[in-house]
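Here come two complexes built around subunit A, the first alongside subunit B, the second alongside subunit C.
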Partner chain A sequence: MTMQQDTNPSSVDTEAAASGAASATATERSAFQRFLTVTVGPIVAAFLLSAIILMLVGVNPLTYYGYILDRSLFSSLGLEQTATRMAPLLFLVASLIIAFRAGIWNLGTDGQFLLGAVIAAATAPLLVGVLPGWAVLLVGFLLAALVGAIWSIIPALLKAYQGVNEIITTLMMSFLGVLLASTLVKLAFRDPTTTVPQTRTLPVADRLPRLFETSISSGLVWGLIAVILVHLMMTRTSFGLRLRMVGANPAAATHAGLSVPLLTMATFGLSAGFAGLAGASEILGVAGNVRANWNPAYGLMVIPLVFLARFHGVGAIVLVFFYSALMIGSESAARRLGVPQNFTLVLVASLLICLGLGEYIDQHKRKKER
Partner chain B sequence: MGGLLTEAFLSSLFTGAIVAAIPMLLAGLGEQMSEKAGVLNIGIEGMMLMGAYMGFLVAFKTESLWLGFLGGILGGVLVAIVMAVLCVRLGLNQIVIGIGLTLGVEGLTALLHHFQFSRTYPRLPAPERLNIPGLTDLPVIGPSLFGRHLIVYLALIAVAVLAYLYRRTNLGMTLRAAGERPAALDVAGGNVLGIRVFATLFTGGMAGLGGAYLANIGAGLFIPFMTGGAGFIGIVLAMLARGRPLWVLIGSLIFGAALSMTTALQVAGSNIPTDVIQMLPFAAVMLVLVLFGRRAKLPSALGAAYERGAR
Partner chain C sequence: MAVATDKLNDLSPETGAGVIGVHGVTKRFPGVVAVDNVSLKFHPGEVHVLLGENGAGKSTLVGILSGLQEPDEGYLSLNGEKARLASPSASLDAGISTVFQHSMLVPTLTVLENLTLGAPWYQRPPRAQIAARMDELKREFALSLPLDAITGELSLGQQQQIEIARALLRDSKVLILDEATSMLTPQGAQELGERMQQLVKSGLAVIFITHKLAEAYRYGNRISVLKQGALAGEMGPEELKGMTEDEAVDEIVRLMFGREAGQTSTDHRASTARDQIALKVENLSTQGDADVMGLHDISLSLRAGEIVGIAGIDGNGQKQLAEAMAGQRALTSGRVELHGEDITGASVAQRRRKGLRYLTDDRLSEGSVGAFPISENTVLKDIGQPPFWVNGIERPNRIAEHARELIRTFSVRTPGEQTPIGRLSGGNIQKVLLGRELSGDARVVVFNKPTYGLDLQNIDASRQRIAEIAGRGLGVVLISTDLDELMALSDRIAVMEGGRIRGVVENDGTGEALRLRIGRMMAGEEEHKQATA
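Presenting the complex of A and B:
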């Protein structure tokens, strides 16, 4: 039942660390070439591949891509929407960086995200007036993190103490979580004053404050802080080192005296907690309530970004910005150009595949050099 | 609860259990082979969805259900070819590519469906329910166990054939060796990558057929994202079956029953929200994993790309 190291998400970046022994100029050049093969190349290739599919369905890819850029980056409203959309994605990136660096495939972020969102939407409006504004938001975020973490307990226990593959258990819990969230909205937390099933709405004045004179939610700032903190925790603290040891080689970590089951539990708890925070940031910052059957499904879509950034926080932030722009642009394009938003799925998939190919080419080249 | 046990409830439960079980059975049997050979095929959900789309499309255009099934197999194999090239030949990460393929097929089929059927049916809420000859008089409505579509019996025969193949033939041994000790197989003169490619393509074909069944017989129409996790349940079935095709059959019937509760409870007119009922199969999977997860046995080289000479 134990997975081999090669399937471990964290094994992807171990090779990257190994390349740096050659002389200074040679590394500089190869570092640039490496950047081209493993980052720029896959992105360009993915857009080209998706352009072919656009042409197949009779859409001019230049018009489409141009429209997306125009709507998301070259207009002030689009740029503000893009920045606001980054908040939940950043929290999800933080969640996945922890999990992947610790060698855990948390593929259940969608369920954790939605349950976090629902609990935040269920409690925050009721607390308005009871608690001061900042405390309402704090309670909402904390509850969301807690609920997200709770939703990962079963996969965590099964992985830590029974060795059950977490890919399947987190996916199953995700399906369950999405349906449970919708059930909770319809049965338990339904706003009695509306006809459509949705939770009570948090008044705009009580949501996360906006930045300066713009419409950008300050969730963006918290998301950035979360990613940076997680990055520092994983790379600069002994706790992070322990998690990475478990990710790199659980057997060796056991021999080094680490409690692998406990660290596995901690990884799940932290990762799922951040996924819950992502849900809360969307609700407390932007939406204000959860409608029944609402599921933006950000979770799986963020995975390629985290891989593309090689689990590096700063790199991921840059990618989230562009991805967020892509989402905002394609949502607009879905309305105006009649290209369904599902096209972003195709783009993300091409990105994942081209990314893998770039990695392959890179490794092949390095083998030749040796 | 007494009102639940009416004739309508039971008949729709039994009928539904088999209709729901067949796609999962086919997917589970397919996944079982690639897992035996050492390929963890997370892309099976995508293969199934492509099978559903192509199967429906071919059946719709040619008005032949059998050509539709063929189209479904082809659709699954097409996705599997990508998987085989990337993960077996090039040795890329099977999980990343598997998720990528599933997401890609979800997007692609939804996109293609949107562009094709908004042309055929100018109105957007297109009535995809089609009158394919052979489909309307299919015995899905029939409450008995007999008189089902031939494909159901073929799936049952496949269980027996695969069980024989794994236990009694050279191919079965080779498959197991590719999953347990690929290096040993290589030394013995076997073709590790060849057998893994074969297993991956077989998975694609079976998953595609399962998807086509889901679309053409189970639902009678294609809806984007319609597989809704059935492929993933196939993976669980294969994991828990410990290499035995018969266990996949038993498991798929249990999950099929859980799935068909959705329609059966609706027939019985219960007022439980559909969300709760839709949770049943996934809850069943989790329950089984909690109870028996430890006993699941997977080949030791599962998920690891084979590279000659690598340690």
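Presenting the complex of A and C:
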């Protein structure tokens, strides 16, 4: 993982500053050039690449792209959908920022997400009428976080006390979690009044309130708060520095008297907890229930965004916004223009490849400068 | 690739069977001369012992002979011909096999598979042939190996036998055993010694690298002593035969630890010790394992203003002792007292706050976080403490100010306090770490090899600072592998060997005699009762 070198974004910043100090006049130009190579260039290249593929399939790329913009950003309904889609992704971003900055590669967010979603969907409808509305939602969110965290205990213990690679264990636990979630929906939490296997449905009135007069779920606000808080926690507090130190150099952390196993456990708990919250935000804010075999796989989807934002909260929020717009826009564009639904994935894939290439070129250039 | 000899003569293997010569070989690494103009000859039928401390150049010499490194100056010769060993396979083709300190076997493969590694890929392992050869080896050298056993399940001694067998199956002329006894039990070492004698009787040349003096005498026919990269002396077979073990060990100690002629004795620091006991360690023991030496029953006391040196060959438990005192390593038994207060159960952070500081020898991978700026590195041991954190919230300005002051006081050379510490030179990182340990209310400082790897100017500055610290009334434990350093600074010197303290001697300024006495203890030769002071 070459990315690991850049785990600490502050080092990247200072690097830029240091190279800037060398030649004051060249600084602005090179910063601008960097911006071109790392962000604008790859995005343009990705759209060009996808345009070529679209033309090969016989679709006018301009119409297609126009449609995406129109449907995701320039129509009020599309913009609302885009904003609503952001909520669970933001919670997942918060989850991954904690983990990645602390050097833990939690790739099991999908399992943690789904189990959180299932427990929220299983309990919230039953509590309606028993508890006041806000308490129903609160209990749903708390249980989801708890269940998500519990699902990370095995990888956490194995990593903290046995040094077992968490990439493998979290991924394995994620598969198990996805299957368990589906099993729970079919066997334990099934709504007896429907024929399709799904949980009871939380009435629209009892879900997270919508923002103002729109259809945007207020989960968006909570998601934004979560990312900002996590970002500040990791960069501005002593707890965050402890986690980052464990991530950057466990031997140094032990030497400085930190309990590496306990901090590792804390990282897993927090990260998986936020993944559980992401599941709850999707259910309590938008879907209202969980259907068996439902798995949007948002967790794996968000990983590249977090990397490209260099684990920076604000950067990740911007990327999540564009990514959601792309998802919403291209879904309807595909439907309207007869392009296969999966073309979204082609666009996303070329975007990721181009962004990765941009990153590579940038690294290469910086190495040369040195 | 075959060996590139000067005249490309196709020598039959019989002529001058397997004599390697090393002629005026020098090898430099950045900042160090690892091997300095060394000339040696290895003869068939002899166990040739290379003796020396860590860093004396033994390993580099082995690397050169096994084709891992090439000399910067000088050359090697094979059977009297100038030769170049440009790669490990060239070295193997020349009949030189090396058994490294750490096993070079694949633990998940069977013994047979390990023995056939390196054979051409298109050949089926000739099992019957190998079994027959192994029978021969068993008769001649008592090497008995279960061919179908999984290698990783065998003992270290047996694994070493596999490596020796592999060398013999290759018809090697020269066998290099690098620190071969370090992993073995005393009995295993004894067996290896006998086996080496059998091997040389069959006409091989064996090069045996060790830092244990008694082994050198018992198993070797010829001894060469390396010191700081240079050849300090050689003892031939006739000379050795005429000596008793004690005489031989005395001579070796003189070669290894003695002062070269012409060097004046360093004037040692006037003691600033006070009466008050600063640090007391009683009967301290820790758990050891295959990689880490355990400590056994260590007792030591340190007065305020006193410098107690810990001498010893690297890896004899010094680091573990430092870690145990700092609270970084769990004790199996024993007690640690700081200014009369029992701190045995205190954590690293608690001990630090009480004034016990530990400057690690591992600046890069333990002492600092390379990607973090200097400013954060200066407070890594105080995370969450005021004034740098208030209610858990970082105060970047206070940290930066603290760092700037440290940079000024300890004259760290850096563009600024925001520079990642990993960009600094070793000497400057050391200054930052030293500043970190001395900040706040330090009372006892444990230095682990504080000048290791520094340039001369920084070494002097560091030593002055250590003397100054003791002068201010702090207790100092100075762990070092450099006897000159210890003799220049310490009030008393404790010698560690095999995880034990072999003795504590007053640094009474007797110079040479004291140095040799410490040397003997470092090599594990001095009786404990003789050494206690």
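Rule of thumb we're sticking to: the second predicted complex is superposed on the first by the 300 of 370 C-alpha atoms of A that agree within 3 Å, B and C clash if a C-alpha of one lies under 4 Å from a C-alpha of the other, contacts with A are read in each partner's own complex, and residues count from 1 in each chain.
Please note the rule applied: a contact is a pair of C-beta atoms (placed from the backbone, for glycine too) under 8 Å apart; a residue touches a chain by one contact, two chains touch by 3 or more.
All values reported here derive from a predicted model rather than from experimental measurement.
S.K.: Between subunit B and subunit C, which makes contact with more of the residues in subunit A?
M.R.: On the superposition, B touches more of the residues of subunit A.
S.K.: Once the shared chain is lined up, is A:57 touching subunit B (first), subunit C (second), both, or neither of them?
M.R.: first
S.K.: For A:146, select first, second, both or neither according to whether it touches subunit B, subunit C, the two together, or no partner.
M.R.: Neither partner.
S.K.: Report for A:45: first if it touches subunit B alone, second if subunit C alone, otherwise both or neither.
M.R.: neither
S.K.: May I ask you to decide whether A:224 touches subunit B, subunit C, both, or neither, giving the answer as first, second, both or neither?
M.R.: Neither partner.
S.K.: After superposition on the shared chain, which partner residues are touched by A:179: those of subunit B (first), subunit C (second), both, or neither?
M.R.: first
S.K.: Once chain A of both complexes is superposed, is A:286 in touch with subunit B (first), subunit C (second), both, or neither?
M.R.: Once the two structures are laid over each other on A, A:286 reaches no partner at all.
S.K.: Just which bits of subunit A does subunit B share with subunit C as contact spots?
M.R.: In subunit A, residues 5, 7 are touched by subunit B and also by subunit C.
S.K.: In their shared complex, at which residues does subunit B touch subunit A?
M.R.: Interface residues on the subunit B side: 40, 42, 82, 86, 90-97, 99-101, 103-108, 110-112, 114-115, 224, 229, 232, 235-236, 239, 273, 275-276, 278-279, 282-283, 285-286, 289-290, 293-294, 296-298, 300-305.
S.K.: So in the complex, which bits of subunit A are touching subunit B?
M.R.: Counting only subunit A, the residues touching subunit B are 1, 3-7, 9, 12, 53, 57-58, 105, 107, 154, 158, 162-165, 167-169, 171-173, 175-176, 179-180, 182-183, 186-187, 300-301, 303-304, 307, 339-340, 342-353, 355-357, 359-360.
S.K.: For a test of understanding, state which residues of subunit C touch subunit A in their complex under the given definition.
M.R.: My answer: residues 327-328, 347-349, 352, 358, 360, 362, 365-373, 376, 380-381, 383-384, 389, 392-394, 415, 418-420.
S.K.: Give the list of subunit A residues in touch with subunit C in this complex.
M.R.: 5, 7-8, 10-11, 14-15, 17-18, 21, 236-239, 241-242, 245, 248-249, 251-252, 254-258
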